[in-house]
Amino acid sequence: MAENIYKPYLMKIGSIVEETPDVRTFRLIFKNPEDAEKFSFKAGQFGEYSVFGEGESTFCIASSPTRKEYIECTFRKAGRVTNALANLEVGDTVGFRGPYGNTFPIEQWEGKNLLYIAGGIALPPMRCVIWNTIDLRHKYKDITIVYGARTVGDLVYKQELKEWSERPDIKMITTVDPGGQTPDWKGETGFVPMVLEKAAPSSENCIAILCGPPVMIKFTMPVLKKLGFQDKDIYTTLENRMKCGFGKCGRCNVGKVFVCKDGPVFSYEQILSLPEEY
Amino acid sequence: METIRKLIRKQSLEKLYNNLAANRKVYAPVIAADKKAEYKYNPGFADVTFDHIRSTLSVKNIVFPKVENLFFYENSKTESTITDIDLDKIPEVVLWGAHPCDNAAFDTLRSIFCWDTKDEFFSRRLEKLTVIGLGCHSSDEYCFCTSVGLSPSSSRGSDILLTKLQTGDYQAEILTAKGNEIVSSFPDLFEPLTDEKVDITEVKQKFSHKQVTEKLAGAFEHEFWIANSLRCIGCGACAYVCPTCACFDIQDETKGKNGKRYRSWDSCGFGLFTLHTSGHNPRHVQSQRWRQRIMHKFSYMPDRNESLGCVGCGRCSSGCPVDMNIAEQLEALQNI
Amino acid sequence: MSDFEPKIVAFVCNWCTYAGADLTGTSRIKYASNVKIIRFPCTGRIDFMLLLKAFSNGADGIIVSGCHPNDCHYTSGNFHAKRRWIMFKELMDFMGIDMSRITFSWVSAAEGARWAEVVNTTVTRIRELGPYVSYKELVNKSVEEEVKNG
Amino acid sequence: MDNLILRAKELLENKTVQVVIGYEAGPTGVVRPAFISDPANADSLIYDERCVQNLAVYLTKPEVKHLGRIAIVSSLPVMRSIMMLISEQQISYDEIVVLGISADGVLLDIADLSVMQGYIDKSDLSNPVKYKELLAELKKLTPAEKFEYWQKELSKCIKCYACRQACPMCYCTRCTVEVNQPQWISVQSNAHGNMEWHILRAMHLAGRCISCGECGRACPVGIPCHLLTMHLTDQVYNYFKVYAGTSEKMNSVMSTYEPNDKESFIV
């Protein structure tokens, strides 16, 4: 029988990291080794994660495709499925369908400087491509990461932030919103756009990858433009509610563009051509 | 295959129907208690109507049931197992006496369910379906098939198309191998066609769908949408009666340890259809949802699925509680 | 039918009937063990949907019980509940759904013996009525209909 | 209906209101709601026995409220809906102008809320006659017959929620059927899920339904779901001697009580 496209892989939770009080990262291991063998994905793609009995929820694969033994996902407790996911323990089963969607064009970026800008829970969809390019470090020139969250407690991947900031080949800027700092906070204090403006990375031969809440995007875009970035050199991801993941259920389209098929990765140039339906 | 035309007499139709209904599921229209047409499985031939204009619901449920199980699961504390649906159990169905608009809709649905990735549930059901269509000898003011590239005698989607002759007998156009199989199983019932005067209704063309598609390309921000959707109350009636609407929801339902994941009809007209968990809703007012409905059918689908998302059956308009008349709106859109 | 053991779900309020049921136990009064008690803060909190959920999950009978009128811990919760059940009963009757499978009663914290009596009479009555076949059929019909996809 | 048109024009011209909600005949002759903001278009307004839709449903819609102050063509059910919406604090009388229409189609002069109150007070508020007969017939059936009748009717339901959307009292932004933590009602449309939905709808309208019959009229598959709510309207009157939508200050029947309410449910 041909494949049931709605049938998820069964995954075992290998480990759980509590990133913040309401954000968790799961490491998921294929229960069936054959599935693991067959499975491959690229940076930027997403999947449908399910708790049987509660339903499915969409988020990006947060681990790098260069690490083949597992996939990781990071989610915030928000609705029915993510609440159910958060109640699971190591060893429990979840479902995973994917990978779906397009990818960050990292091959095209080879030989360029990369500027990653993320806010809050938007680092996970970017983490995949960050690790992907770090693992292929020799192909890229300078890598700069600007990451901000409301408070120190809201920063995700604290271990990795530390690791990245300690690497000599990555310029890491972490910031928290004013008032969100703790006494021993050593990073920047200020909103992402301001911090970015202060750091003023060169737009010369540089690709900017931007993910964050709409308000952050809104204020960061002018800064990027001021720094000289062109629309086609800025990438971001869109999120819309979706059910199927392959362009049938009719939810995620922005105009005629399916976020699940043509996205989630879009250049800012593409975004400008889309109607405002996201 | 090349189309073959034959004659089938009225009394032979009954024999054909009874023979088919004897050992398979035949889905045929009858007149219900409320005087409206509805499709039923294997009704008696005497109850089958040949004169209905449109049934309240379309016949898309044969290939896209209002609830379709995707798989079953069983949960223990830490384990879950999945059991597949046995798609081989999908029964063979003969759709009897459905009109050209409804039959053409199967093609449209295929363009949604089988673009890019193939939906096995849909396509297996479609494989098991044989369509004996019936050309329309009556129509009403809601019909607009001629405006969307079809006609009361279109054969698209039919395996056999029956058309009433002025003599009261029927012409049978045998269009596909599936149709031919039926005809060759009952050779005595089909005769050579002599008289070709058919009784076909006329449906006036109301707009040009090509022009509508062209206009829509630049009409996303047009004030038309707000002005013409104020009276829409945001129910899902139009989508649910539509033969080509295919938006769906996926849900889980568990009793004890066992449960199933299923998909069920959904409608882009519902306010919460696109609502994010964060509370953000990309289509937060009805005008945006109405625009999505029209745009999807007449702009996005021609662009992405190479098919028009409308067959002109008029159900959405006749079923609408507030007379959101789609043909009227498209006519207006053509001229904006 | 003789080996039919009815499944009864009891929705009771915390302050009166639940305490009453406790008293039944501490008073060593025996009563039918078919009942599964679900404790609520107040009868006013017992939504009619919960009763339907109980039936759809296989209950053959339901008991709803709380403080006597005027004795509500929250002053008026059971008065609100009264109005709800008046309307619910009228609607169920109108739709032909069997209300004799639902026992409504008021049992106070001091009425241990009365609780036993309420449960026992309910169990006896449901035993006579037999399993709630028509509701189960309804729930299963959904499943069958899907299989048939008619 | 010249009076109505004149009044509508006047209200629009002197900017008392920004939009008039009334009825017009569409190109196919079907009567439908009209939103008129240009006085020049007021001539398309009609009022006759075909104008049955309850226009009050639009008063709580954000996109309609957004238009500004509204004048609304109001037959008795619309006026009662307005009263109900005011009592449930969904709208304020200041936001609207009521273009009252009497049972015989004459434009009423509803100057303020008290005039509307007076009109409602002297009207017959029980269920419309044509439904009374149906209700009486249904009540005569045995429980088994009733069950069969409703199962048959509800089996047609496709869960398009037209009944809910057409109802002026169903203004919740998130209906219980859309709540998924917990999932109160099965999303799928099947015998059991359909029945639960219609029970829920009727119960949530108990004491709030003003008997306009819109839910049944809107249903594309012809389920007489209005009979469920109308039956409860009858019963509310029977037990509590009130009709919904009769006073701006009335408390919803189900959120109030009398100590001596009959315990009809205890047998």
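For reference, chains read A, B, C and D in written order, and residue numbers begin at 1 within each chain.
As a working rule, a contact is a pair of C-beta atoms (placed from the backbone, for glycine too) under 8 Å apart; a residue touches a chain by one contact, two chains touch by 3 or more.
All figures in this text were calculated on a predicted structure; none of them were measured in a lab.
> Sort out for me whether C-D or A-D is joined by the greater number of C-beta contact pairs.
Top pair by contacting C-beta pairs is C-D.
> Quick one: which chain's Cα centre is the longest way from chain C's?
Looking at centroid distances, A is the chain farthest away.
> Just the number, please: Cα centre separation of chain A and chain D in whole Å.
That pair's centroid distance is 47 Å.
> Could you state the distance in Å from the CA-based centre of chain C to that of chain D?
Here chain C and chain D have centroids separated by 33 Å.
> Between chain B and chain C, what is the separation of their C-alpha centroids in Å?
So the centroids are 45 Å from each other.
> Listing for chain D: what residues touch at least two other chains?
186, 188, 190
> Enumerate the residues of chain C that touch no fewer than two other chains.
Counting only residues that touch two or more other chains, chain C contributes 146.
> Which residues belonging to chain B are in contact with no fewer than two other chains?
67, 249, 251, 262
> Please output the residues of chain A touching chain B within their complex, sorted ascending.
Answer in residue numbers: 1-8, 10, 50, 52-56, 78-79, 82, 89, 91-93, 95, 214, 239-241, 243-244, 246-256, 258, 261, 275, 277-278.
> Write out the stretch or stretches of chain D touching chain C in their complex.
138-139, 141-151, 176, 184-186, 188, 190-193, 195-196, 199-200, 202-203, 206-207, 228, 231-232, 235-236, 239-240, 253-259, 261-267
> Along chain B, where are the residues that touch chain D in the complex?
34, 36, 56-57, 66-67, 141-142, 226, 230-231, 233-237, 239-241, 249, 251, 253, 262, 264-265, 267, 270-272, 285-287, 317, 319-323, 325, 328
> Taking the complex as given, what residues does chain D use to touch chain A?
Touch list, chain D to chain A: 180-181.
> With touch defined as at the start, can you tell me which chain C residues reach chain D in the complex?
48-49, 52-53, 56, 69-70, 76, 79-80, 82-100, 104-105, 134, 138-139, 141-142, 145-146
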